[in-house]
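Take a look at the structures below.
What follows is subunit A paired twice: with subunit B in the first complex and subunit C in the second.
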Partner chain A sequence: MKKIFLTPLLALSLTACSLSGTQESALRGTGDLGVIIERADGNVLIVEHSNNEILARVEGLGDLSHASVVFSRDARYGYVFGRDGGLTKIDLLKQRIDKRIIQGGNSIGGAISEDGRLIAVGNYEPGGVKVFTADTLELVADIPATALADGSKNSRVVGMTDAPGQKFMVSLFDTGEIWIIDFSDKTTSEPQITKFENIGKQPYDSMLTPEGRYYMAGLFGEDGLAMLDLWHPEKGVTRVLDGYGKGEQPLPVYKMPHLEGWTVADDKVFVPAVGRHEVLVIDQKTWQQKDRIEMIGQPVFVMARPDARQIWVNFAVPDNQYVQVIDSETAEIIKTIEPGPGVLHMEFSPRGEQIWISVRDRNEVQIWDTATLEHLYTLEADSPSGIFFTNRAHRIGL
Partner chain B sequence: MKKIFLTPLLALSLTACSLSGTQESALRGTGDLGVIIERADGNVLIVEHSNNEILARVEGLGDLSHASVVFSRDARYGYVFGRDGGLTKIDLLKQRIDKRIIQGGNSIGGAISEDGRLIAVGNYEPGGVKVFTADTLELVADIPATALADGSKNSRVVGMTDAPGQKFMVSLFDTGEIWIIDFSDKTTSEPQITKFENIGKQPYDSMLTPEGRYYMAGLFGEDGLAMLDLWHPEKGVTRVLDGYGKGEQPLPVYKMPHLEGWTVADDKVFVPAVGRHEVLVIDQKTWQQKDRIEMIGQPVFVMARPDARQIWVNFAVPDNQYVQVIDSETAEIIKTIEPGPGVLHMEFSPRGEQIWISVRDRNEVQIWDTATLEHLYTLEADSPSGIFFTNRAHRIGL
Partner chain C sequence: MSTFNKRQIRRLVLMASFFVPLLAQAGTPDANRQAELKHLLIQDCGSCHGLRMKGGLGPALTPDDLAGKPKESLVATIIHGRHGTAMPPWSALLTENEAEWLIDQLLQGVSP
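The block that comes next holds the complex of A and B.
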């Protein structure tokens, strides 16, 4: 069932309508809305997953390669973090940009605080963290990263995520650090920063376990993962999965896997292997590898359905036309599907009955039924990449 | 910090304003809204937790003792299940009743389907399950419960919850059954019903584990709990926690605990003991009791903060003026607070930084900071009981 392609013009007319229309037509809930990144043209689509429709296109967001999105606690606004340092606040109801700033030179993601009041961005260039008010995007804190030994510049900042207790977590790529940036003291805008040094070479990405307890950084420069137990920061950063990473690369690594794709299901953590056609199965208690699942390609995102019954996996080139579904209990592949070339991202509906898959080279977002594993709908989009639904507003670490 | 009490009159004027006001004032996200039951007068309050405010009062919902609420997938509508068999759909944006029907004689709760299209209600009188369309509340299915041996009536239906795969779960109090009611076949409105008989005497309430895998029914008529693994229904219903229940009552039972209060945190299930001043700690793998925590009274709700770091507990009379907070890792009580007489319910903000507590006999809803464990705000409400926030729309089993 093809949906009618919504042209920018129609999108604008829709917007106009929603702004000048009756109360009736304008009022709507925001719990079923979402944003799809159209990376080629710097646009985003506003979508809704109750009727699987594109509501509008919002243009002019700059360089959206590797863009990510977080949502306000009322699920009305999306904050889009662009690779060019742009931070754009989108009004999902008025279907337009509410405010846009260039907050840094080169950014790789941000987060929204537990209380929804603060937006934090980690910057490559200049290296550091900037924190803004969520409502007006005014600067609250500008935190420089550690300077390199030669003083030439500050470390690039990666792996930004929120954490419980009004905290942000980041990793410093060039200086090998993990920081806890704590804004829990409401009497000051000055955060308390706890720095963990020598955590490993070149942390490049991170993940937070779903309840917000364990922060883990992947290391580009060596094997293993750096892990911090946020319930016991006094124990410091420990190394887990020593075999994980560089040493595991019989094949050229086409893409370092996204750690935020990691998922915990049925007491097992499912991890994309680096440079192998495998998903690794890790014991959640010991963090030791207990199994490996042969896959059709190098995994990029490894995502559990909200009920943890299935794991959906996409792949790096040259296998990025496929998606494979794993049974979380048996660790067997139950189906291999071929949405088409350039599968870049997947997002489950909040309770998991459907999954949206962006298929860049077909200019499609496909909606699949996770029970029947059948293709239901197709939405047309220009080079779609990231898909983000507003229920993330209520989740820790998303 | 007392908030101004919002009178019904002001509530109405607010409503009028929001209906006739500008687009600007009317547009709002629905991710931070909620409903508070005012059980004495059959009213509900519409609230929002970004600014901790009462937005409006909606009147005329009938008997709201033991009322519960579920939310539409767009987080705009609340469905209130009244004890008198009333099913009321509330428009949280227009701040008024969208539709109200009397669907049965005596109801004890309902659920919304995974896809958000169906509302199911379990009825005491007449015993059975009725299923309605979520948008218009038109009857989709009327499922009579098993008749009693003497044919006098049908069994009372309790423990209604949604489950993954477009399913509803119920327990039959008088005939000792658990049913899976499966609406996953989209080609028919006739559900496929799987019945498990002889599951135990008088199931009175149920809980579903957060990922939606284990359905458990508490037994009023004997010890232990009936458990069904929804990943393996072919294994049938098994009995767990044999010591749990009647046999554990050295004290008169002032109130059977709410099983939906059960919480899983840090691999432990925290369970309100029946007739004891204790919270039981159960091993999530073996379902064996591993610890018991002495409390100040008989626990009613035992609820984990979303990050699973704390467990908040309220109590039956004569100790219902207290709330105790347990450290989920050490199983020690870290604070006892006294909000006041008649603490009936608690609801965490979606990411857990605050908790709302209804204090019936003070006509207050108190908002507490879960990090500092300090009282932040008070909202006035008439005999408040249940508190429900819209992020439940995106959760399995809520």
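The block that comes next holds the complex of A and C.
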């Protein structure tokens, strides 16, 4: 089953790297680099999107199912959060692991602080948040989540993002809370934590507006989203799209949707419905539902092109061979494409003229032109999942 | 994460014994289907239970974790899901036989 694909180029660069280490001496920037997770084998690929190339494969990162990546503010290092609780700092220029620790038993994602000095990880097991120094990965704070009613363990933590004011935001899946974890007091490593309870059942993921004002958690256990205005946290958490599927029998959700970044276009927010084959459109001025767009399956990622003119959507099994593109102005589907089985993630180039799509069961990353909606290139990768470009380094909430 | 209480187990066993004769298809899945199922188990069940079945949003499904749990109720969990939790019903994609085959794999231990 397991195939190892090495493009000639990759093989070359690996050889170059291992033989002489000359990679270091060639001056280059990192603004067009990125990381692709190879899910099953615990490897990552370092890629460059100016020339659509794989530069190197870095091995030995453990269980990378559900892995995500954030970047240092100099965009030289990527921090990879692995399922097995591994936190790995990768040097994109030296193309190797700079530092790796096992910080928990089971983690879901992390964030980097606005000043670039802290890395926070949200853990399922043991449920809580751990915070590390970004340069050496030394533990700064260990914050257990609320214990479950039966005392057996702590709530799992999801929806970790950074927020302005040296803050991290998280949601607690089992106990239905949103927390603001504030590290702005530089005299202590103890954060100040503000907790919002009863925000709704089973928040599964979250997103933040590009300016860092609104934090929104999607709810799995009920129809709706929980929103916090970070300019006015004293107003508390409000509910958006309450009961959006009222009276309808929900469809099975074979994979949890994700909220990544804030998909705002033309004053409209696009979010995946849960248990419905729909993308929901919220009017950002009134926070009321404006539209429901019928899709081919259960949406997983709903992502706006950087210019917000198009929305790209992928799906849970058994429809994960498709991607649909929505016109953000008319809210109509303009094209359904079929990259192949196991489309797991998509990442736009920084200005959005291309999108990279990981197609797990084809062992491919496909590069598509977003203007013509045509497939341009294919890179070979082993069970690719998440794709992360370094321009994330400079965006709030990513 | 809550586990089964006795009443739920009885209900699921009952449901299972009701559905088995309805859905039963001859024998174990053929080799092709087994390969598909193995893939589904690791990739799709794994997205919640972990590629190595060590847990995530869903509980760990290693042989140790499943030891002593009635097989019928585990099969019923796969087919009907568990209402009010993230475990979806798989009856639209899997037969009872196939769910049973998956449980057998889990009881033996799976690795990606």
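By definition in this document, the second predicted complex is superposed on the first by the 364 of 398 C-alpha atoms of A that agree within 3 Å, B and C clash if a C-alpha of one lies under 4 Å from a C-alpha of the other, contacts with A are read in each partner's own complex, and residues count from 1 in each chain.
Note that contacts are C-beta pairs under 8 Å (C-beta built on N, C-alpha and C of every residue); 3 or more make two chains touch, one makes a residue touch a chain.
Remember, predicted model here, so these are calculated numbers, not experimental data.
Trainee: Mind working out whether A:Arg39 is in touch with subunit B, subunit C, both or neither, as first, second, both or neither?
Mentor: second
Trainee: Looking at A:Arg28, would you say it contacts subunit B, subunit C, both, or neither? Reply first, second, both or neither.
Mentor: first
Trainee: Touching A:Gly342, do we find subunit B (first), subunit C (second), both, or neither?
Mentor: second
Trainee: Is A:Gly221 contacted by the first partner subunit B, the second partner subunit C, both or neither?
Mentor: In the superposition, A:Gly221 touches subunit C alone.
Trainee: Who does A:Tyr124 touch here: subunit B (first), subunit C (second), both, or neither?
Mentor: Second partner only.
Trainee: Pick one for A:Pro306: touches subunit B only (first), subunit C only (second), both, or neither.
Mentor: Only subunit B is touched by A:Pro306; subunit C is not.
Trainee: Tell me which partner A:Arg76 touches in the superposition: subunit B (first), subunit C (second), both or neither.
Mentor: A:Arg76 contacts subunit B only, not subunit C.
Trainee: With both complexes superposed on chain A, which partner does A:Gly62 reach: first (subunit B), second (subunit C), both or neither?
Mentor: Neither partner.
Trainee: Name the chain, either subunit B or subunit C, that contacts more residues of subunit A.
Mentor: Higher number of touched subunit A residues: B.
Trainee: Which of the residues in subunit B come into contact with subunit A in the complex?
Mentor: Touching subunit A from subunit B are residues 19-20, 23, 26-32, 48-50, 71-77, 92-94, 114-116, 164-166, 184, 211-213, 231, 306-309, 329, 350-353, 371, 390-391, 393-396.
Trainee: Could you list, by residue number, the parts of subunit C that touch subunit A in their complex?
Mentor: Of all residues in subunit C, those touching subunit A are 1, 39-40, 42-44, 46-48, 50-52, 54-57, 81, 84, 86, 88-90, 92-93, 112.
Trainee: Using the touch rule from the top, collect the residues of subunit A that touch subunit C in their complex.
Mentor: Residues of subunit A touching subunit C: 39-40, 63, 65-66, 83-84, 106, 108, 124-125, 156, 173-174, 202, 204, 220-221, 252-256, 317-318, 342, 360-361.
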